[in-house]
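Can you read through this structure? Questions will come right after.
All chains are identified by letter, namely A, B and C, in their written order; residue positions are counted from 1 within each chain.
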Amino acid sequence: MESMSEKNNFKIKTAVLTISDKGSRGERKDLSGPVIKEMMENIGAKIVYEEIIADEKEDIKEILSRIADQKKADLILTTGGTGFAKRDITPEATLAVIEKEVPGIPEKIRADTLSITPQAALSRARAGIRKQTLIINFPGSPKAARECLEAVIEIIPHGVKILKGEITEHQPGQKNKSF
Amino acid sequence: MESMSEKNNFKIKTAVLTISDKGSRGERKDLSGPVIKEMMENIGAKIVYEEIIADEKEDIKEILSRIADQKKADLILTTGGTGFAKRDITPEATLAVIEKEVPGIPEKIRADTLSITPQAALSRARAGIRKQTLIINFPGSPKAARECLEAVIEIIPHGVKILKGEITEHQPGQKNKSF
Amino acid sequence: MESMSEKNNFKIKTAVLTISDKGSRGERKDLSGPVIKEMMENIGAKIVYEEIIADEKEDIKEILSRIADQKKADLILTTGGTGFAKRDITPEATLAVIEKEVPGIPEKIRADTLSITPQAALSRARAGIRKQTLIINFPGSPKAARECLEAVIEIIPHGVKILKGEITEHQPGQKNKSF
């Protein structure tokens, strides 16, 4: 029971970054940010940062870097800007600041959501690590953001804990070691 | 009915580029180009450009860039040069000219065709966007090109329309928004 | 029968590289290297090189490059350093030395092993080609390394043979051409 309570004591410090031109100008209500926030709180994460910014590559890079470099959050979940529209630039901004890519996270997201709609293949979302912060892109619609987060929410805590050095991958007694 | 006829009026301007040393020298008949062409015409696309070129990285880069920069086509489908042979260089030429990668398209192609043959995992095909043109690599054999195109032909029109600004991802009444 | 014996005469020269800080200091027994070695020998490969090195990016790059450039092996299988721990750097070292990436190999590995554990999505493993040598990353635990190698062991010989020019992709009578 002790290890259980220890587990529950580790709260993932989570930043939710909505990337939307219209949202940043107040022309559209941000619906996907709150969806992500609620889902993360339900697994015990602590939301430490929320912001809505425009689809500007340099601004996105700056904010992702700052959160990671200042250790403000263990996890940054972005929503929006992952599609084919001219202004969609979130994946490129993410690739520009991560030090290690995590291709398996968007692969699993796309594979799982393909069963909902074949257009899931058009998501250009990425995931990666900068310092000790995991960054994952999600699409901008609340429905798609929810479905995509559902595909990986179960594995996020394990990844973040290894990243933070809370657990090692070769911990004795651990079942699925070392992926 | 009006929106239906509008839909049908948008013809995807498609370029089919066969990349093959032997094909470019006339030593092998190009069979995969015609397969792709026919499949695209069947969904109402308009073939605006066809060419057979050798597996030369700089030549491939030049032609892909030119078609995209001059807005000659909304979509470029390449066939050939995606494997393990020494001269296979299509994915690297594609990566060198695209501004935004679309990893989910080759992921879906490989996932779908793995059920046909495990060797589908050896395809190094890529997809991405340059300006307002979507570029997708396909393998060189007619059979594999057909199977791979079948995996994504359904989603190509939606992607191209968003890219061209014909529809927005958050269009009211649209079902599968914002991937 | 002749082509069968020809097939068997081609032995894949295989290097197995264990990447582990603890292993390199003798603080942990290398269990995954022997697993990979045995599985490869079972399909007729010849182990030409084995080493255990620390998670040092420059050292990994140097050894991968040297084996490929000196044609010491047709295939390099690495184990370890593919996860989220601070020192895990094998995928980045691999990306830095390969000339052509093979995204479909780690995609198939992750897709197949996701049915064993969802944490397979956290593997950051990569695969690619340098000169005529195929390099594939595997995780560091013996169980995960075995499961991941099982996902692609069937297709490795075909890939290596094309890479070495032993067979061409368009060989007459070959069934699954040109992926």
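Methods note: a residue touches a chain if its C-beta (ideal position, glycine included) is under 8 Å from a C-beta of that chain, and two chains touch if they have at least 3 such contacts.
For clarity, every value in this text was computed on a predicted model and none was experimentally measured.
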item	value
Chain B on chain C, rotation in degrees - Cα superposition, rounded to nearest 5	120
Shared interface numbering between chain C and chain A [over half = same, under half = different]	different
Computed distance of Cα centres, chain C from chain A, in Å	30
For chain C, residues contacting two or more additional chains	103, 107, 111
Residues of chain B defined as touching chain A within the complex	99-105, 107-108, 111, 129, 132, 134, 152, 154-155, 158-159, 162-163, 165, 168-170, 175-179
Footprint of chain B on chain A - complex, ascending	28, 80, 82-86, 88-89, 91-92, 103, 106-107, 110-111, 113-114, 116-124, 126, 139-141, 143-144
